[in-house]
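Structure first, commentary second.
Each chain carries a letter (A, B and C) given by its place in the written order, and its residues are counted from 1.
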Amino acid sequence: MRRRVLLVGLAIWSLTPLALLAVVSVAGGWRFPTLLGDDPGLAAWRSLGGGALGHATSTSLALGIGTGVGAAAVGLLAGRALARERGGPRTLGLIFAFLPVATPPLLLGIGLQFTFLRLGLGGTAAGVWLAHLVPAIGYTTLYFVAVFTSWDFGIERAARQLGATRRQTLVRVIAPLLRRPLAEAALLGFLVSWAQVPLTLLVGQGRVRSLTIEVLSLVQAGQDGLAAAGALVLLLPPLLLIALATWGVREAEVVVA
Amino acid sequence: MTRRSLRPLAVGAAVAAPVFVGVGYAAGASIGMWGVGAGDALDPRRFVRVLASPVTLESTLWTLRVAFISTLLSAVVAAALAIALRRADRVGRWGRALAVLPLPIPHLVAAVAALLILGQSGLLARVAFALGAISGPAEMPPLVFDRGGVGMTIALLWKEIPFLFLVAASVLATRGEALEEAARRLGASEWDVLRRVTWPTLWRGLLPASVAVFTFVVGSWEVAVLLAPSDPLALPLLTWERYIDSDLSRRPDAFVLALLGVSIAAVAVVAHELATRRPADTRGTAR
Amino acid sequence: MLVAAGLAGAGCAPGTGDTALTADALRELPWDSIVEHARDTELVWRMWRGDPAINAWIDGWVTPRLQESFGIRLRVVEGQGPELVNQLVVEREAGAAGGADLLWINGETFRNLRDEGLLQGPWADVLPSARWVDSTSAIVMRDFEEPLDGFESPWGRVQFALIYDESRTPDPPRSVAELGEWIRENPGRFTHDQSFTGMTFLKGLMYAVGGGVERFTGGFREADYHAGRDSLFAWLDAHRDAFWRGGEAYPAGVAELHRLFANGEVDFSMSNNQNEAITKARQGVLPPSARPLLLEEGTIANAHYLGIPFNARNPAGAMVVADFLLTPEAQLEKLRPEVWGDGTVLDLARLPEEIRRRFEALEGDPRALAADSLERYARIEVDAEYHERLAADWRAEIRRVGR
């Protein structure tokens, strides 16, 4: 009984914010004390197609995918290199790898804005992509360190001993085992980029409008309906991707069982 | 040392290279070696002026306090949830799914929702009004833009509990079960198991992740921008304010504050390393 | 593929006009030649994008006409106030190519940009539409008492007004003294924001309790500032505990204040634009019974302008766009309450008969303030230094009081 109460409590806690955003996005006006809105309609959502919110969504999607792919690739190589060794240099190397994750993105932006501008990357999507890669590669490197720490390097050795070439080992033995970690790392990189705010603001110089920046602007301008719609769009891809990933896991478990 | 074993160090440094570049630039800009607002002479005393100023101290203390409270509360709740939702039954499965739901959602979304729910004319206020508990927004206690940072803390809890819950659940599943079994076989009661095995294991397992959460909160800008009060200013907001100050001679102050923030992060990273290195002294008794 | 397309779409480099010619060089050329330089170019305009109505007008009316008449592709990006100064300063420091060609600015931003040498010019005086500008108006021709010198082109003109709700406050206060009384009688129902609008309100209050705007005109004087500030702070001290949240917290910007007003947390909002009550009521942001209010002691009127940054890639395009926005057609469209309700900087007397009549026909919305009241109660903006000092001192005061 108590556990059911807990469940209900958790449902309210986790789902109310999402439900409210949905309500406010179609509410028309949402002035006190109305609960469901004065003038319900889909105006906010219609503006999503064209216009600033729509453009920002595609910008964010492009940046997210680019960051996911880039960070997964680099993180794989970096994580593998860091995980193989033991000892002093590795510990220090790990601490270094942690820095882009621990440093607040705002400060990354403040420190790097000049450099990016100097390199002609300020205000460009390419520049923002590279900026997003900075923390994202940190995250994926740490992720792959964890993956490779519990990795059985013995499998590779066995394959080589049984006569496989480097290429065959890579393609037939390692790659299939890496498929899931790579997908998860790409998802991690995507999320880091998708949710980013101050870094995009500072390096994008207001010219690169990610969805997060658009939503922030709308909230600060008092446009609650549009902001709520934008916020809902902001949370959908991450939820979907996680749902897909967990569903994928369950599928795999079923197969194994 | 052979070249091969220096590789992890080089790789780590490569991953951190942008941070080094940023810190280097900030260091130079803060004392006036280069950058906007740099005078003709170097001004290392600026560090002392900025760091010792009451505004900076207040900001930093307020930020650290909010981060500490929200991290502590998140960890406690996450641990309790992990224990409560361990079983593989339906309640457990749905509970775990609900507990983890906010995890991938951007912090900005959480802040926007918090604004709409916790504002003096937000959802909570309207529900209270509908129930007759208050007669107007003015009677609703201020939870956002408040000195105590309550609204901000709640929004952070919403986002950090899922993350720490995941870590806690994983700790329980991997390390906890064997120890608990052993303790039970040695005759410990359920309560004893909880108190002397489960809880300490959880606590140690959560420590590194909590340090990570703490660091994130200290540096979070978007949540502070939407929910934090204007006095005292959260450290990220103070840094931003100095950075876009139209009085350009104050701009190097922003870099001093940025270095302060990075130092806090660096301390946290070292603390995190130490926390993961703590010897698991319960391991010996499991034999 | 998607990534490349997205990246390319979001960050393509602007097509350039003749990059070698700056605005002051272009100034020497005949206007047609400038228009030719600007043809088929892209123009990046940095402006505040926080109001969907203004955005809709820019995106839906201005952009297509620029494309049609001049072949100019308008691209608008967000940026305002101190962030603008910061971006330009950093761009200059890094030697980076110009991110914007045209800026929407006024007041202290203009002063800061000029002080730092971040604007091109002079250029605004050669615009063909400049002949219609109300050059006798102190409000238009001086930006916070700083002469334009051709470094910025006037665009619009507004006047500060309080906003009240007819249904909640049927008999609003009409003077500063009455406002003070009202605040004391209705504790917790009034506040102002921390940004430009709130500071404008405080400045207006300072004129009123500090002996009139004449005390502060003619440049910044320390002694007069101190006297004015002290009178203002004395007034605030006397009323602060009756402010919203006891005067301990203030909404960050005017949008947050509008939200408080719309939700019934406070009974007054304010705006630098006297028509905002009406246009925002149309948008559903403010309640339909919102009305503008002037105080007897007067309210501040000011204009906003367009400037060209020092590193603009397309100054010719910027000049053409600035001129377009100054044409009577564009000024008229902007004035319409369904569009923006932003006042015109043109002198109606100089306009051809036919278009002047169309302007006059617009003055009809019964909810708006009458033009002659506006005139009578208009006070100019004084030196920007007063604004900056007041903003800084007010913040320090709030911090001090909060202890």
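We adopt the following convention: a residue touches a chain if its C-beta (ideal position, glycine included) is under 8 Å from a C-beta of that chain, and two chains touch if they have at least 3 such contacts.
For clarity, every value in this text was computed on a predicted model and none was experimentally measured.
Engineer: State which chains count as neighbours of subunit A and simultaneously of subunit B.
Structural biologist: Intersection of subunit A and subunit B contact lists gives C.
Engineer: Determine which of the two chain pairs, A-C or B-C, is joined by the larger number of C-beta pairs in contact.
Structural biologist: Most contacts of the two pairs: A-C.
Engineer: For subunit A and subunit B, what's the span in angstrom between their mean Cα positions?
Structural biologist: 18
Engineer: Averaged over CA atoms, how far is the centre of subunit A from the centre of subunit C? Could you give it in whole Å?
Structural biologist: 38
Engineer: Using mean CA coordinates as chain centres, what's the subunit B-subunit C distance in Å?
Structural biologist: Roughly 39 Å separates the two chain centres.
Engineer: Touching two or more other chains, which residues of subunit C qualify?
Structural biologist: Each of 83, 90, 93, 252, 259, 263-265 in subunit C touches at least two other chains.
Engineer: Return the residues of subunit A touching two or more other chains; collapse runs of consecutive numbers into ranges.
Structural biologist: Expected reply: 31-33, 114, 224.
Engineer: Can you list the residues of subunit B that touch 2 or more other chains?
Structural biologist: Subunit B, residues with two or more chain partners: 35, 121, 137, 243.
Engineer: Which residues of subunit C touch subunit A in their complex?
Structural biologist: Interface residues on subunit C, with respect to subunit A: 2-3, 5-11, 13, 44, 46, 49-52, 55, 59, 77-79, 83, 87, 90-91, 93-97, 99, 252-253, 255-256, 258-259, 262-265, 284-285, 287.
Engineer: Please output the residues of subunit A touching subunit B within their complex, sorted ascending.
Structural biologist: These residues of subunit A touch subunit B: 3-4, 6-7, 10-11, 13-18, 20-21, 24, 30-35, 77-78, 81-82, 84-85, 87, 89-108, 110-112, 114-115, 134, 137-138, 141, 191, 194-195, 197-198, 212, 215-216, 219, 224, 227-228, 231, 234-235, 238-239, 241-242.
Engineer: Using the touch definition from the top, list the residues of subunit B that touch subunit A in their complex.
Structural biologist: Touch list, subunit B to subunit A: 1, 4-16, 18-19, 21-23, 25-26, 29, 35, 81, 84-85, 91, 94-95, 98-99, 101-110, 112-117, 121, 123, 125-127, 129-130, 137, 158, 212, 215-216, 218-222, 225-226, 236, 239-240, 243, 254-255, 258, 261-262, 265-266, 268-270, 272-273.
Engineer: Which stretch or stretches of subunit B touch subunit C in the complex?
Structural biologist: Residues of subunit B touching subunit C: 35-36, 55, 119-121, 136-138, 142, 145-147, 229-231, 243-248.
Engineer: Touching residues of subunit C toward subunit B in the complex: what are they?
Structural biologist: So the residues of subunit C in touch with subunit B come to 81-83, 85-86, 89-90, 93, 108-109, 112, 116, 188-189, 194, 245, 248-252, 259-260, 263-265, 388, 398-399, 402.
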